[in-house]
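Think of it as A, B, C, D, E and F in the order they're written, each chain with its own count starting at 1.
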Amino acid sequence: MRPSHRQPDELRAVSLERAVVKYAEGSCFVKFGDTHVLVTATLEDRLPPWLKGQARGWVTAEYGMLPRATSERTRRESSAGKQSGRTVEIQRLIGRSLRAVVDLEALGERQITVDCDVIQADGGTRTASITGAWVALHDCLAWMKARDMLRGEVLRDHVAAVSCGVHNGLAVLDLDYAEDSQADTDANFVLTGNGGIVEIQGTAEREPFSEAQFLSLLALARKGVGRLVELQKMAVM
Amino acid sequence: MRPSHRQPDELRAVSLERAVVKYAEGSCFVKFGDTHVLVTATLEDRLPPWLKGQARGWVTAEYGMLPRATSERTRRESSAGKQSGRTVEIQRLIGRSLRAVVDLEALGERQITVDCDVIQADGGTRTASITGAWVALHDCLAWMKARDMLRGEVLRDHVAAVSCGVHNGLAVLDLDYAEDSQADTDANFVLTGNGGIVEIQGTAEREPFSEAQFLSLLALARKGVGRLVELQKMAVM
Amino acid sequence: MRPSHRQPDELRAVSLERAVVKYAEGSCFVKFGDTHVLVTATLEDRLPPWLKGQARGWVTAEYGMLPRATSERTRRESSAGKQSGRTVEIQRLIGRSLRAVVDLEALGERQITVDCDVIQADGGTRTASITGAWVALHDCLAWMKARDMLRGEVLRDHVAAVSCGVHNGLAVLDLDYAEDSQADTDANFVLTGNGGIVEIQGTAEREPFSEAQFLSLLALARKGVGRLVELQKMAVM
Amino acid sequence: MRPSHRQPDELRAVSLERAVVKYAEGSCFVKFGDTHVLVTATLEDRLPPWLKGQARGWVTAEYGMLPRATSERTRRESSAGKQSGRTVEIQRLIGRSLRAVVDLEALGERQITVDCDVIQADGGTRTASITGAWVALHDCLAWMKARDMLRGEVLRDHVAAVSCGVHNGLAVLDLDYAEDSQADTDANFVLTGNGGIVEIQGTAEREPFSEAQFLSLLALARKGVGRLVELQKMAVM
Amino acid sequence: MRPSHRQPDELRAVSLERAVVKYAEGSCFVKFGDTHVLVTATLEDRLPPWLKGQARGWVTAEYGMLPRATSERTRRESSAGKQSGRTVEIQRLIGRSLRAVVDLEALGERQITVDCDVIQADGGTRTASITGAWVALHDCLAWMKARDMLRGEVLRDHVAAVSCGVHNGLAVLDLDYAEDSQADTDANFVLTGNGGIVEIQGTAEREPFSEAQFLSLLALARKGVGRLVELQKMAVM
Amino acid sequence: MRPSHRQPDELRAVSLERAVVKYAEGSCFVKFGDTHVLVTATLEDRLPPWLKGQARGWVTAEYGMLPRATSERTRRESSAGKQSGRTVEIQRLIGRSLRAVVDLEALGERQITVDCDVIQADGGTRTASITGAWVALHDCLAWMKARDMLRGEVLRDHVAAVSCGVHNGLAVLDLDYAEDSQADTDANFVLTGNGGIVEIQGTAEREPFSEAQFLSLLALARKGVGRLVELQKMAVM
């Protein structure tokens, strides 16, 4: 039995609310159960120096967590003077995931920065961030289309992410914090709408895992991401 | 005429929503029109080193702004590696304002940290933060009372804040960004429920101002804070 | 009775010595009793990036304290790796105060940086800094005039500052450290030669204060700044 | 055809030289072709604060690269003032990989820090680091055993790592820089001597990849790690 | 001919003024011509961690320069966020020089921190700092003796410093900035009252120098330090 | 008797191995006994901003130490967030020493950066670095000559360095760590092939030293550097 009484292949209640802040070109407030992330997409007419003059754009991401998003208050990274290793890892993952479904040439010489700020954390903040970031990015691109700023299609597919793990010997989908902190194996899967794999990160927390276990997690992830992509489609309809 | 068509002594629509996040001992989502701040109050059993063994507690505040809270994206302070001068000034002001109505001896040897994170900024983020922080602090203390952690009354009065300024020659209450960026004089007033003055910060943005002008701003502030304190009372009822 | 045996409306002995260092375009060694600040004004042909091409200049300030300016040695900020919140607050205040009496268009596309370094601190370092900074700025502008670098008058008025507070129930002028550390209310007033108010910062250290108390402090400040402006006039004669 | 003329399932020339520096309790100079990493293992009688008093030890890793390990000189991180996101990601991965085969209770309340410093980089620095780190860790534990500092077996299995990728449509093992910079898919596999999976990181560099492709990479990795584990066994014989 | 019209073996006008600030246990305002340094000595009852429990004390130094001590304004190190390499080198030199004449056992488990802050710089700030630091240290120790805090003699000798260089082919004593910036060879000598050598730093700025040249600089330095020690003796009489 | 049983004027076994890494334009692995330093020389087509447009180049150096180069592990400077004072001092010394034998005009508007990374430290890392850096620099310049990038001779002489000290009353050459940590006097000499003095740094560790002692150290240094220059000549033959 899962602590949340969910079925092994059952996502938490997911919601994807659009246009939640006033200024951003695209935004999404994404909830995976008690994990709540505010995502904004900002269009800027500048590029990282190493990309200038190459006739293509860039999509990057930053990630943060409010100090009391967690059960115990965590120190504000601006006060600590630097981003933690975990923060850096996650924001690099979000950026890579989005770029996997973006045609950077079609975007033109511009940068879109996606900010994912965790308001409340109950496990799976990176997967919720990626899933919501696709919606914010979609709306930012829609804002650009409405202003005739884009010639072709920039977004080539959906992308969404979900975690899976082995908890009490059982392969389960979309771990919350209670499960995550006790899982034997923890894996994050980033998949496209067409079922392509963008990123796989699997870690043995206690014991090494087998290929069979890993494939059962991947099967769960396919099911979960399939459902998340349906929710993205409904959200932007 | 004000850009927002408000009367000179009219606040923006203010709301104070309590218990908006799951983990914090107290929290408040405060809106002053389009300025939205999430405030949490965290109780911790530790004290700053210089306060140890003095049989009293401490209330402190931190302030932050999401990158896209503003019209143009601002750089994340964790990425810049330090807090700006403006951030430091504001969080010191919030902390002083709250301590002015707190009995630190009655609190006991504990620290309450109030985090004010601006989700959307349209002027007056510091005054909204102080006004909402009182509610979050109140609820944190209520949480402690419910657990028999407090002997006496810690909160001695309400405290709330509002900005006033001279805009197009007219003294106006609760400036939004459109007014603030063009005001001749800008002042922030932190007042208690009993009408005591906790903090006054008045700055001539262009021309020095007169005592008479200043007193007219103070009169407006009294009216505005009176209303804010009523709203605090309704919120915690 | 004040610890220093001064009358309630009596300034400490104030001196404003000009041209105290060899290289700076303007300089002033200002003493408010035992508070000693060395102020220099530096002219530079560069501007902050956000001000370029706007046909006006900038006046900014930096503030520092020698480690043993205080009763106990304070850590050198260069060794700590950052400026404290207090330092940042004070240098922003000094800059704003000076700009309130400067015609930035008349200055032309140049920057004057005013450095205020506290050699000895006995309360009121920010008010002494502002008062001395006006003299250093005046002399820097005179240096420019002598070289035909200015067309019109840059300095539109005097500006000076003084602290007032309620100490043992008595409103007193120009607090030294002994008073400041025990004051109930502490306020800093920055006023112009014409009596205009540039900046008011009033803080209740213990109990909120009333409007009447505040006005009595403002009256004291007017008297004190009047005298400081006289001393500035004598200094630059 | 691979740029190096290797067979698809052929490792580069691998060597694992032990005891290469004078002071460290364990050390290994590992070469995967032109990728050269110096690994040291340091025993210390201190623990991270959050682990104290739990009757178990810790194994952690740090990673660095000499400035001219690369084709173009990269800036020294000590001079830049911080570690890059890439550095932080890699050192976290090395630490997790080693801990997966270590019995932290058997280690006792001590910390072993494994430093991996890249002398020359030609792709696969993280996989070479993990493979060499196992040898350095083994020797550090042997040093402890020789001094009767350990009661039981700390090292539960071998651990080694290799990268695989799809290059010109072909699944290949142990990518060098020429292949890595042009690969469609890049994956790192950390496996144990018993074939258990410790960590999988797969990233689509250009196009999402399929489950079949991923499984072919995993099969190659099994082959490669099997060979690396044989080499580790010979090295410590 | 020297730019200053001094004889080759002539020091600049030197003055050593004691007790120049109110709080420090010892202080000295030292002038070597237009080079002016304020030195304070602070007694503290704490030690660096690595020295605890060894029944001896420590003398350390910090060095700073006011931004406009120089012909062009230099950036404040607290604002840059770190001390320059030059600052670190100089403060290490000052500390070593003082410790060479201090009996650390006789000092007891306390630290004296000597702060050297350059008010005006015209060459030779490090040599002026060391020479003045001896006076401030002397007075700090006198302050301790007057309070019966010391059993034996802590200060074993005088120490003073002077620069010498080859300028236009001529060996000269106590270079000012005009000479220093054009010297072929630049050397700093730290000598004791008894003529012992504490520190020699000689650098060829353009061409390597010969042993004969070096010995002529050392002879000049002996003469100069002899005179500086006389001035120290008169100062503390 | 020296701990190493060497004669007072005997160097440790010195080796200078060239072309030890694949990418650098010049490199040298230098050993002074158990002190091992990897030196690389990197040619770059950029200059420090203050040197642009002056028709000459620049040679600079950076220095680092692997964490376990020492008997006890030292903290990685990239993790500490800054370079220590010792590191900064040493890299400035290496750069100055090399520039003393380089014709910067003949180099043209380019920068050569010499990186000295200590793999193992047993005293004398700075002198070994300078001695090996000359070889790496020589080979970088040879690389440029082979590509017709240089018109004239850039390298005007050899430069090498050695430490000397007074240990147990005896003047000895090339101190290892066992001697260095107990020496009364410690001096580093940087000399050219022609016997010119580039840099002298002498420090009294315990008692001030006499001129006679100093001259005996210089005589030893001449002998040692003479031998090091012979070894450099053989190395680049």
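To be clear about the criterion, a contact is a pair of C-beta atoms (placed from the backbone, for glycine too) under 8 Å apart; a residue touches a chain by one contact, two chains touch by 3 or more.
What you see is a predicted model; the values in this text were computed from it and never measured.
Q: Identify the chains adjacent to both chain A and chain D in the sense defined at the top.
A: Per touch definition, common to chain A and chain D: zero chains.
Q: If each step moves to a chain the current one touches, what is the fewest number of steps from chain C to chain E?
A: Each step joins two touching chains, and the minimum needed here is 1.
Q: Hop distance check: chain A to chain C, minimum number of steps through touching chains?
A: Shortest path length, in steps: 2.
Q: Starting from the Cα centroid of chain B, hunt down the chain whose centroid lies farthest away.
A: F
Q: As a multiple of 5 degrees, what angle does the CA superposition of chain A onto its copy chain F give?
A: 120
Q: Please compute the C-alpha centroid of chain B, do the same for chain D, then give the distance between them in whole Å.
A: One centre to the other, that is 51 Å.
Q: Could you put a whole-Å number on the gap between the CA centroids of chain C and chain D?
A: Roughly 59 Å, centre to centre.
Q: Taking each chain's centre as the mean of its CA atoms, how far is chain B from chain C in angstrom?
A: 28
Q: Going by the contact rule already set, what residues in chain D reach two or more other chains?
A: In chain D, 81-82 touch at least two other chains.
Q: Applying the stated contact rule, could you write out the chains in ring order, opening with chain E and then chain F?
A: E, F, D, A, B, C
Q: Using the touch definition up top, name the residues of chain F that touch chain D in the complex.
A: 21-24, 27, 34, 38, 40, 42, 44, 62, 64, 66-71, 73, 76-83, 87, 113, 115, 117, 119-120, 122
Q: Residues of chain C touching chain B in their complex?
A: Residues in contact with chain B: 82, 85, 88-89, 91-92, 96, 100, 157, 187, 191-192, 194-204, 207-211, 214, 218.
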